[in-house]
Amino acid sequence: MNIFERIESDVRSYCRTFPVTFQRAKGATLEDEEGNRYIDFLSGAGVLNYGHNDPALKRPLLEYIGSDGLTHSLDMHSGAKARFLDAFETHILQPRGMRYKIQFPGPTGTNAVEAAMKLARNVTGRHNIVSFTNGFHGMTRGSLAATGNGHHRSAAGIPLAGTTFMPYDGYMGEDADTTEYLDKVLSDGSSGIDKPAAVIVETVQGEGGVNPASFEWLRSLEKVCRKHDVLVIVDDIQVGCGRTGTFFSFERARISPDIVLLSKSLSGYGLPFAVVLMKPELDIWEPGEHNGTFRGHNPAFVTATAAIETYWADDSFSREVANKGEYLRGWLNSLSARHSEMGVSTRGRGMIQALVFNDGDDADAVAARAFERGVIVETCGSDGEVLKFLAPLNIAKEELA
Amino acid sequence: MNIFERIESDVRSYCRTFPVTFQRAKGATLEDEEGNRYIDFLSGAGVLNYGHNDPALKRPLLEYIGSDGLTHSLDMHSGAKARFLDAFETHILQPRGMRYKIQFPGPTGTNAVEAAMKLARNVTGRHNIVSFTNGFHGMTRGSLAATGNGHHRSAAGIPLAGTTFMPYDGYMGEDADTTEYLDKVLSDGSSGIDKPAAVIVETVQGEGGVNPASFEWLRSLEKVCRKHDVLVIVDDIQVGCGRTGTFFSFERARISPDIVLLSKSLSGYGLPFAVVLMKPELDIWEPGEHNGTFRGHNPAFVTATAAIETYWADDSFSREVANKGEYLRGWLNSLSARHSEMGVSTRGRGMIQALVFNDGDDADAVAARAFERGVIVETCGSDGEVLKFLAPLNIAKEELA
Amino acid sequence: MNIFERIESDVRSYCRTFPVTFQRAKGATLEDEEGNRYIDFLSGAGVLNYGHNDPALKRPLLEYIGSDGLTHSLDMHSGAKARFLDAFETHILQPRGMRYKIQFPGPTGTNAVEAAMKLARNVTGRHNIVSFTNGFHGMTRGSLAATGNGHHRSAAGIPLAGTTFMPYDGYMGEDADTTEYLDKVLSDGSSGIDKPAAVIVETVQGEGGVNPASFEWLRSLEKVCRKHDVLVIVDDIQVGCGRTGTFFSFERARISPDIVLLSKSLSGYGLPFAVVLMKPELDIWEPGEHNGTFRGHNPAFVTATAAIETYWADDSFSREVANKGEYLRGWLNSLSARHSEMGVSTRGRGMIQALVFNDGDDADAVAARAFERGVIVETCGSDGEVLKFLAPLNIAKEELA
Amino acid sequence: MNIFERIESDVRSYCRTFPVTFQRAKGATLEDEEGNRYIDFLSGAGVLNYGHNDPALKRPLLEYIGSDGLTHSLDMHSGAKARFLDAFETHILQPRGMRYKIQFPGPTGTNAVEAAMKLARNVTGRHNIVSFTNGFHGMTRGSLAATGNGHHRSAAGIPLAGTTFMPYDGYMGEDADTTEYLDKVLSDGSSGIDKPAAVIVETVQGEGGVNPASFEWLRSLEKVCRKHDVLVIVDDIQVGCGRTGTFFSFERARISPDIVLLSKSLSGYGLPFAVVLMKPELDIWEPGEHNGTFRGHNPAFVTATAAIETYWADDSFSREVANKGEYLRGWLNSLSARHSEMGVSTRGRGMIQALVFNDGDDADAVAARAFERGVIVETCGSDGEVLKFLAPLNIAKEELA
């Protein structure tokens, strides 16, 4: 029995699907302890948009650590944090005409979701948060209450409160605009749906099965929220940082969320990091009201700064991602056309694309076969029927092919 | 207006007390951008037990990153994780005769607390968790429900449920054994206190004001829990990893918690990292029931392994910490004796020691004066009346002096 | 200032719409202290299906009290209770081929709703209860959580938990079968809707605006519940006891609820009384698990027995109610046709009928004018836009006309 | 199998202890269907302070019903209600110098408790309510959350939220003033006890085991509440209406509760009736915010008025109750002295007195033996170890003897 089986909790999961021990990684390639190589279409579930150990980020990281740069700083001022804030303002916010204040809520996505929920509740004085069917926002009690997955929810061991689930785009069939239903229950004083502080939404549901909301739907959602004075929180943790082709996934939808959450690929190097962006007038936080030990993880500030400067100083990377996304989508379309007998469909946006099978068994079988042939790809969706392609955005065209 | 004031959320806090920008750090010394140096008696609120950028950890970290070791691995097997598990088993668990399984619940303390609460609830089928007055366990909705601080609690914007607060050791006066009250309400079927899944307890309350529970009290608490079939969770996030002189803070109390939580100084380098230790029979997790993006933060595995091998392969470090703790305590005692007119008292255990003032103003004044003279030390306790000394454990004797 | 204004709480409400003091009542007629008479189309919000002080019930009530029959008996056996149970079994359950056990949960509707929710949760081990938009089930915290009205909900002063609201029949437009949506969220393990213990439903929503669910919808709802192993609770408090023409409102829909709630007109005399009917296999109550002071209100047993024997020993009353209902509906239809410029529509079932106005102002104006002319009728619906006709079922044809 | 066993839910309870069918009752005597007579020391669990079918109340009741007085009136003005309000103001409030407004929240105790909790939460904007160990306040979800009994609590099938239990007088031993603990947690911003809207307290815990709080403790409780701006709710449902010798149980303690709850013996005849008394400045209810079908139960208004006029127009009845209480207490003291080997103690106040046995078996045996000999008396307390004597207050001296 190896050390993992002997001593690691049974909760471990990915290692059961990919039962090797990884040692090294570079770009889109993982290497196990026997030297076998795998192309990574999982990317740390969206963490590695710039691939593993990107030299453009690795260099400043090594320099920073080598020179005894401050590693851990709580929420004190640090030079590395100042540089990150400056890069984020210069290259991300200003060119997009955005005005947000930035909170460092702790280094994981769920820290950011929890902080955003607190803020929305305090700003509005309301307790309810609207989440969407198949939404995924995290594992701590507040964020879990907004997560649809029943396997995760029941693990709470206590009823999850404070959220209302509404149907996501497409959930009631192609023709139904589910924001109309939301508008109706919010307009109806006897619907039983307590007026929410906010909606929290992913523009493309990742864990929920690669479900892209149409831009029209997102705009309509924003409109309904404005009408009822409800805040819009975009959870851009999985599909932000360029995954759909633009830095924020909602740019092409032309909506203006009140609160935006980033994590996963934000550090660009796999280092834990998360931020909450909030419109300045929402920043009613009192000092220290929300805190956390690892709010100041400076190595992540360093790599995040390098990632922004390397990839987002102009729009060339954005165009490259769009191109690759189209290429991938075309390839998946022709693949599913070739196997039309299986009833496979495709969906996605930019570089998050999926093959949707009839059931989880088919998807599992394909994933297993892919792994045998050196490709790491995971399934998602409520029955695991969706094969999710999440390659690094900077993967070489040949490797993608 | 600097970048922080312009763009960072008002929630920032420590930077208001220490209004400089830190750039570099080594051992117990922080350096700001103007080259001023400060002795660090804050240690990242307990994260930096081995000081800043300890060379014994920095070397393997640089090597690991330099050689493209896997940075981010979700919960897949990685070589770095295997080495951490091996070191933890060899140097921590086995010498102490402990048998625990290890869960990687995400890299922050609150991830660990939330996972432990879920597990306790699912193992027992009960929803209630007993926490203690002045306890601190985190900022996400589940852990926040177990945190006493009203400033943090009210920020939730929604009532916090699923916990019952009981008086901590000493809370009802010196003579009262508060575990008797716990025993009474658990024995009384009409007390209104729903039988809990677990108690969650710090052996020394850190944020709550440096309150050390006596070993007798901890043993009595364990006994009451055994009697009523209630799990014992020790939150050793702040005072574990050697802070009180032993690796686990409860070793000298000779109790055997069902679940132990570690984070903060676990990576030893300020890198986000947390684990849940659970008795093997409690490991009823189903694969993936609790997950999280940053469960596999390999640089933290690397430094944590180095920290264990460097400091915990034998008991010399433990003795050194005990000595320094006594020295510090003696010094604080004589200091408070010299200023007996101020009514200052001392308390603590090992290298977490405190001066307890009559009110927060006195403590603030001393902290501010210390900062002017190059010492960073923070206040805690419900009125901020406690000055908490949390130097790196490996601080040089002269620097400590 | 009269005694009411001086000393009764401002929460009083109906007395503001009908600002006279009532003294006496008989059949469908109320009389105020000045001798003015009013035809009662309110019927105590559904309590007085047999009118005020029905002689057939009054006689045995006076005899019972006169002979020192037991008034209050907790849940002890009393002769009056035995006679009620016998009559209920003989005239209500047996002729309909129904098998239910009967619980006396306390004398008000909300006592019954709360008991039913407890039972459903304990039988299934699940916490969630599905309620419907515009549903009304009571004012205590459990039943209020299942009530849609926001004015009532916000009065709780605490978030209401443990329920999920689904769209009632017709809520998403004429063409949408809202049970399909329910089926979808229950079939989808990631919908975020925790599998419920039960649905609680009114076959005609009374307070919610006189919304009759179609029999097809009710059957479809039952089918979805069976498919997912979810209990069906019919709250027949307002429209049971003959209001729609049959004793239970769901008889013609041919569904078989697991739990049925009766109150309001059950005593037939305006005396507080309520029961929970449950399929025998669901009766897992332990003795005394749910109790209450006024479970044994014997005068109500006496009048309820007389009401059953008088009105439900054969089906003549049922036919009479159906006839009157048709008459009333026809009259309302022609009235609304005559005033087609006002855009008024009609809806209802049996002897609960309504005129639906465009807004609450129109409905209020009509109700106020009716009161001036000696007719008491109330408005309901989420904007008060519905004028609800709820005459005694045994009102004389001429009086109805 | 009799009708009860065949068709009544297994939840029935008292009938198991007293397995006969009662038919008739007068004063302190119950009569079963075989003509056997029993002296009633249960009094409907506190409902029948004036005995069964008191002629002074029965006469106006028969007259009222006979003359077609309004039975059910929702919250409309009725003559019977006006007379009740007048009598209550004249004979109860004014002589005691009390100013309260009166709400009719529905006819049972739990309706009153739920309404009071809503009001307290809305007045203060806080969600928490402090209840006490062994307190009993009702079975609906809000009141149940404030009830200590675990058998009842677990029947909820969902965690009960919004309350905090504090130790009642004497709970921590004779010497400990438990209001000091309450003061401490309310004074300590990190105690984890959210500042409550109100405390809800019984001056003598009835179901909880006949525990009288000392007047000093009640005054101290009121003082702590005033200090922290917390409302005081006295649940006088079981021991109000003269049970302890004064109309309100708290008169001799000289406290001035913000909200007082009455039910049980309020109608004086066993008819369901309850009121919430609130200080005028707390009456922030909006019309109809809390409603309920049976708020206007006029027969209960009639008997309640007669009871007030008969028993409370002067203080003679009060003195009579005090005398009987002393007599009963003396008798129980000498009884327990005679059986000192059993370790029985006595406690109580006025005409709620108890014998406290070592365990529930002893108490059960005595109650069973009493029943055989024609005396009905129930057990209470968390282990059923308390025999509770709750005779009608107007029981004849000889019958009491």
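Details
Note that the chains take the letters A, B, C and D in the order they are written out, and that residue 1 is the start of every chain.
The working rule: a contact is a pair of C-beta atoms (placed from the backbone, for glycine too) under 8 Å apart; a residue touches a chain by one contact, two chains touch by 3 or more.
Not measured: the values here are computed from a predicted model.
For chain pairs A-B and A-D, the one joined by more C-beta pairs in contact is A-B. Taking the mean Cα position of each chain as its centre, D sits at the greatest distance from chain A.
Each chain gets one centre point, the mean of its Cα atoms, and the points for chain A and chain C are 48 Å apart. We define each chain's centre as the mean of its Cα atoms; on that basis chain A and chain B are separated by 29 Å.
Between chain A and chain D, the centres computed from C-alpha atoms are 56 Å apart.
Contact of a single residue of chain B with at least two other chains is seen at positions 127, 151, 158-159, 161-162.
Remark: chain A residues 127-128, 131-135, 146-151, 153-154, 159-165, 167, 171-172, 176, 181, 184-185, 188-195, 208-209, 381-383 touch chain C in the complex. Put simply, chain C touches chain B in their complex at residues 158-159. Chain A makes touch with chain B in their complex at residues 2-4, 7-16, 18-26, 30, 33, 42, 44-48, 52-53, 58, 61-62, 65-79, 81-82, 85-86, 88-89, 100-104, 106-111, 114-115, 117-118, 120-122, 125, 127, 138-143, 145, 151-152, 155-158, 161-162, 197, 237, 263-264, 269-272, 276, 278, 283-294, 297, 299.
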